[in-house]
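Presented sequentially are two complexes of subunit A, the first with subunit B as partner and the second with subunit C.
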Partner chain A sequence: MMKHLGTGLLAGASCVALTVAMQVGSASVSFANDKLNELSKSNENWVMPGKNYSSQNYSPNTQISTENVKQLRAAWSFSTGLLHGHEGTPLVVNNVMYVHTSFPNNTFALDLNDPGHILWQHKPKQDPAARSVACCDLVNRGLAYWPGDGKTPALIIKTQLDAHLVALNAETGEEYWKVENGDIKVGQTLTQAPYVIKDLALVGSSGAELGVRGYTTAYNVKTGEQVWRVYATGPDNEVGLAADFNSANPHYGQKGLGTGTWEGDAWKIGGGTNWGWYAYDPETNLFHYGSGNPAPWNETMRPGDNKWTMTIWGRDADTGQAKFGYQKTPHDEWDYAGVNVMILSEQTDKAGKKRKLLTHPDRNGIVYTLDRENGDLVSANKLDDTVNWVKQVDLKSGLPVRDPEYGTRMDHKGKEICPSAMGYHNQGHDSYDPTKELFFMGINHICMDWEPFMLPYRAGQFFVGATLWMYPGPKGDRQNYLGLGQIKAYNAISGEYKWEKMERFSVWGGTLSTAGNLVFYGTLDGFIKARNSDTGELLWKYKLPSGVIGHPMTYEHKGTQYVAIMYGVGGWPGVGLVFDLQDPTAGLGAVGAFKNLQNYTQMGGGLQVFSLDGKNPYSEDINVGEFDSKG
Partner chain B sequence: MTIKSIVTVAAGALVLAIGAGAAGAYDGTKCKAPGNCWEAKPGYPDKVAGSKYDPKHNPAELAKQQAALDGQDARNKKRAEHFKKTGKWVYDVSKL
Partner chain C sequence: MDGDYTMKSKALVVMAAVAAMITGTAVAAETFRNTITGDDLKVPESSNPEGRDTAAVKHFLESGVNLYTEVKACLPKGEEVYLTSCSGCHGHVGEGKVGPGLADNYWTYPKNKTDKGLFETIYGGAQGMMGPHSDLTLDELLKLMAWIRHIYSGDVADADWLTEEQKKTFKPYKPEEHASADGSAKAADGDECKVSAN
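Take a look at the complex of A and B:
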């Protein structure tokens, strides 16, 4: 009895110790979350690419509104000094703006009291060979911020194309730590904006076009140590499937499929990289992202459903273990890489039940809404009625009902497939207005012909296996290769589009919505536009020095609301322009579709900031930024 | 051949025809098991190994990615351990 009691007491003591440790631990880690959350609530900050953990890209600021948006004028600008595509958006924290660039991935800290003053700059020296294994121009999608804890300084965390993850002291720009997260010799690169949860820096992977097996890794921000890594394909323990994986939806598939839906060892070079946007719910402690396309693009070479590529994940942030995974495009045949933005919302479904939702406009032309607590499929609607590879998504089974006419295979040239490999939506970071329950989505309107070919796998070499011809969708101007994009307002519960407008080129970069009843976005031909978010009416536009493939953001500084956007044409749609390519099938098919882009814009990267009447620190005090001989 | 066997053969042919028709109309909804719904398209092999579409993967090439990651992880571990001891991050592991 004593022994039993003793054991019980010891066990009890251990439990108490563990509980205390957990409380201490959670107090420490929740501090970082709480601090980021608090910072993100301020109109003065933009602490992550989607503004907050819900990735809504929505600002409650009403200073700039439908009533006065016509008065928006250039306030100040900043040249990054670099060419090529500038994706993503800058961060603003505590009166400092952090700007990222295309390769070689420089970072600049600008003083918002005197934005002409560069507080620090980080210019990494990278192996130039990294450029040759970049899939689609030399882009980078942005930065992450960790707020510091008094012992470890606040950090800016960045990716480099050569697959390094680097933490910089946010105050000085000095490298705090730098880890290898890939090797360009085997095709592994990084283009993603890292993501901070608690004391972890999360980062995905790029290189599926070179057969890279996708992975996601978490590093301790304080020490640079790896905490966990999970893969998109392979054995369950490496994919990181929790014991109750997909228990709410067993029909999605559960165990053994990361190898069982591949032939032989093809999963080792099976793609599923993730280089898009993450979202996180502190209440469920789940983070969400999408794994990308299987490799190679030639579907005949990889029989099977190819799990878990093309999957929407709900993973525990502390362990990486997956609670659910929903594969949108089993056995992809079109490169509909599933990495696009995840936007979190709380809405009432058709049955009247309040639910925690996740909405994801996918490359495959379907916009999915899931219950983010368990992966239940709530709605799955076409981004445009011209999507033809799939007839519908069966909400009960979760399966896309494919139209065999638009399937691809060896010894066959598929024609008029919509969307093209670029998807009806790509990496653009869209926005959600919670007061209107509307998603504002930048859309591609591009279709394609597709012809596969065989090729061997050689580590570090391109492993695609398909020739593509792209052209405007049915609503565009195929004669002149224009009408390649759309902008739409979508209700995920009703499935209805409140409004939609055609654009000359893809709306590649995404949108910003505000409580001023506005939606802002940039265009490939170099405009930033503002529309009435209720009606879609065009209210304001401004011609930028170069085309836009990033998304706008807004911040308030000393009582003035500013709107900022990066420009710098490039990315996948701009590869023909930036590398001066002529063959319409070059650039994985992009060159043909965007052959007219060069007649509207040219390269050159930078940042343009706007305010009402152009108000800025220099207009308020002309002495700001002047040389002071007294020091 | 009796009438009965003719009927049986005919029924079998019908089943085959339906099967072929189903494969011809591959729509991704006929699942062998939950999460396992792929079917070979008509005229294409269920397994590519040994077929004219065999990618003939070289196991040595297939092993290179993981080998690269393992090497990186080992170097990163040394860097982080040194950082925790000294407070200084040294990237060049030959200097550790």
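Take a look at the complex of A and C:
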């Protein structure tokens, strides 16, 4: 549209944030944005963790299909040199793969013409004290790419556990700018993949387990200057509510609730951090994400709805102002942090109306589908029929109808609560096949007992206040602590599951679907599997060196389709294995649930790439990567 | 082993005392090493400049032995540091949360059974989420270690950090019998946290 108009203006931009914000809103910036959008359409690229702004994790590539997936073989691999949890997936842009790692958050650029050659590497020296304030292992979820505009080079944006956001020159790996997004002394860390919209780099924060008040911040991608910051709790101007906030659904709540639904100043240490995934619609200019759990976990210590934790947001990308906010779990009692993936789709609803939708499999065991233009609830169904804290979600009021038997409170040990605090779905980045109108979801099948205890807030200390026991859900094998996961194909309009399969452990990392009628995913015990996306039939699997907590991606290079996945067990489900914990309630309850994981996998991070018959740059030309004395 | 250990450490104390007299500063006779990498932690040069000169710190740097262990008047400060810096991960009384329990007789790093080893793990950090805690003063760290030893609930026979004398009187910690209502250790009135190297 107005592609090139504003570039000149930007050159003379002042340092005033407001000016930057206005220009960001105007045409100049859509240049880079359109470029990123264009790049995302190519089968050769994977420019953001969810492939495109709709976060569909879907590739139209048909080369690898149900017909030939059995011939999928290892093509090449790369060790990150690090232990601990590797979440997320690498990016591929213009024949270069960008690989992230767990702490200390190294970044590698690999040449896809000769993947044995590391083009550049960025190894930050971080304050190691950050390790002590990470929740649940030392994971990282990935990178963002900004394509450059001729004046500013293309950038790789990354997060460091010590709460810094860093931009690297995508060509050289040199630091272009670096900003401090939070303070580890109060427990603020970063594990999220940043997100690029136009000329903004968006990032949330982690730390709700330490009483951190959540916020989302946009930085000028060219300079690292802060453009806007919006909070999950507190006064309306700090939460960033637009004048017409929730005008389509006033019953979701409107003014004054970021303080009014808390006792006293509790909102200041009330959590609501967001460390999950973003999605963006260039047409509505709204981006979507979920704010996390209130702090502490012990509900008795924070009476009220605790808004706007646990909320699905629709916010204006230029200003951060919220058009709608829907709180899924008012006054959370189970740590059902609402940060999970938001997948955008265009589908026809039951009334025959074509709508712009957002689908979100939540920790609380409900998969929500909203109209992403105004926040209307379209459907809200259980991820599994064993969800028991809620009987149903009333689509009119938006409220969950709770079963008090599974509530939690002081001086009471809640039993057999499903899902567990890990949620029936956690941070996994799932996929959506638009041709089949199916969502492919990796599920945890874990329930829990929960006993709260009182504790004081201490800055930089865990602020949880609950003891948890976790174990397989009713469909699993409770004797042997197996049967902790599922994989499902879901239709958000009918609410039906087309197919579902049990897994030995969680499908923690999410899924990839392709036009080859396939869905790929990794398992905690270290398999990558391919199923027929119509039927769920298991067609292919491969044992990786370590368990998977990230999601697969696919790219085409020189005419060959590759599937790539990161391995490296860890994260919350892996804390027992990673930290040598013994007590079943340790690791916030994870140790008990996953006590058998150590018999199936051990730590070790890396990347494994597959292709049909293992075709790769070296099999095509055996001289690639050889020492050449002529230089 | 215990008898040998005492003799050796006494000899070290003497040597270190001579060294200290010559230079007039606290010199570490012991080399403290990172629990994972084995790198020299450069104690005391790398430590918080405050709290380096107490009798207990000097003794510890020379001998690797913590004089605050089971000195009742020194425990409240140790508990305060514990609650601020450790309890979030390791639990209110060392029962374990995100981090491993500290009160039982299972040690991820067996050297933590010695004062020197426990100090190295806390000061320099270890694997995973166990970051370094070198921001605390050396004196605070020793009091903290005394508190961690105090909340030990395992078999006294396995408590290598206690002297034979201390083993005779040490009672495994029971949170429910803990003196004050708010769960904090209290020194008797007039008690001062004082130790002497002799």
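Observations on the structure shown:
We adopt the following convention: the second predicted complex is superposed on the first by the 605 of 631 C-alpha atoms of A that agree within 3 Å, B and C clash if a C-alpha of one lies under 4 Å from a C-alpha of the other, contacts with A are read in each partner's own complex, and residues count from 1 in each chain.
One rule holds in what follows: a contact is a pair of C-beta atoms (placed from the backbone, for glycine too) under 8 Å apart; a residue touches a chain by one contact, two chains touch by 3 or more.
As the structure is a computational prediction, the values presented were derived from the model and not from experiment.
Superposition of the two structures on subunit A shows subunit C fitting alongside subunit B with no clash. In the overlay built on the shared chain, the residue A:S132 is in contact with subunit C alone; subunit B does not reach it. After overlaying the two complexes on the shared chain, residue contacts for A:R458 are found with subunit B and with subunit C alike. In the superposed model, A:I493 makes contact with neither subunit B nor subunit C. In the overlay built on the shared chain, the residue A:L399 is in contact with subunit B alone; subunit C does not reach it. After overlaying the two complexes on the shared chain, residue contacts for A:L119 are found with neither subunit B nor subunit C. Rounded to the nearest 10, the angle at the Cα centre of subunit A between the centres of subunit B and subunit C is 70 degrees.
When the two complexes are superposed, the chain touching more residues of subunit A, out of subunit B and subunit C, is B. Of all Cα pairs spanning subunit B and subunit C in the superposition, the closest are 12 Å apart. For the contact definition in use here, the residues of subunit A common to its subunit B contact set and its subunit C contact set are 458.
Put simply, subunit C touches subunit A in their complex at residues 83-85, 87-89, 92, 95-101, 106, 108, 125, 127-133, 135. On subunit A, the positions that touch subunit C within their shared complex are 84, 128-138, 210, 455, 458, 461-464, 575, 578-583, 585-588. Considering their complex, residues 24-29, 31, 33-38, 40-41, 44-49, 53, 55-59, 61-66, 68-69, 71-73, 75-77, 79-80, 83-84, 89, 91 of subunit B touch subunit A. Touching subunit B in their complex are the following residues of subunit A: 175-183, 185-188, 212-213, 215, 223-226, 250-254, 257, 260-261, 263-266, 268-269, 300-307, 327, 330-331, 391, 394, 397, 399-404, 407, 409-410, 454, 456-460.
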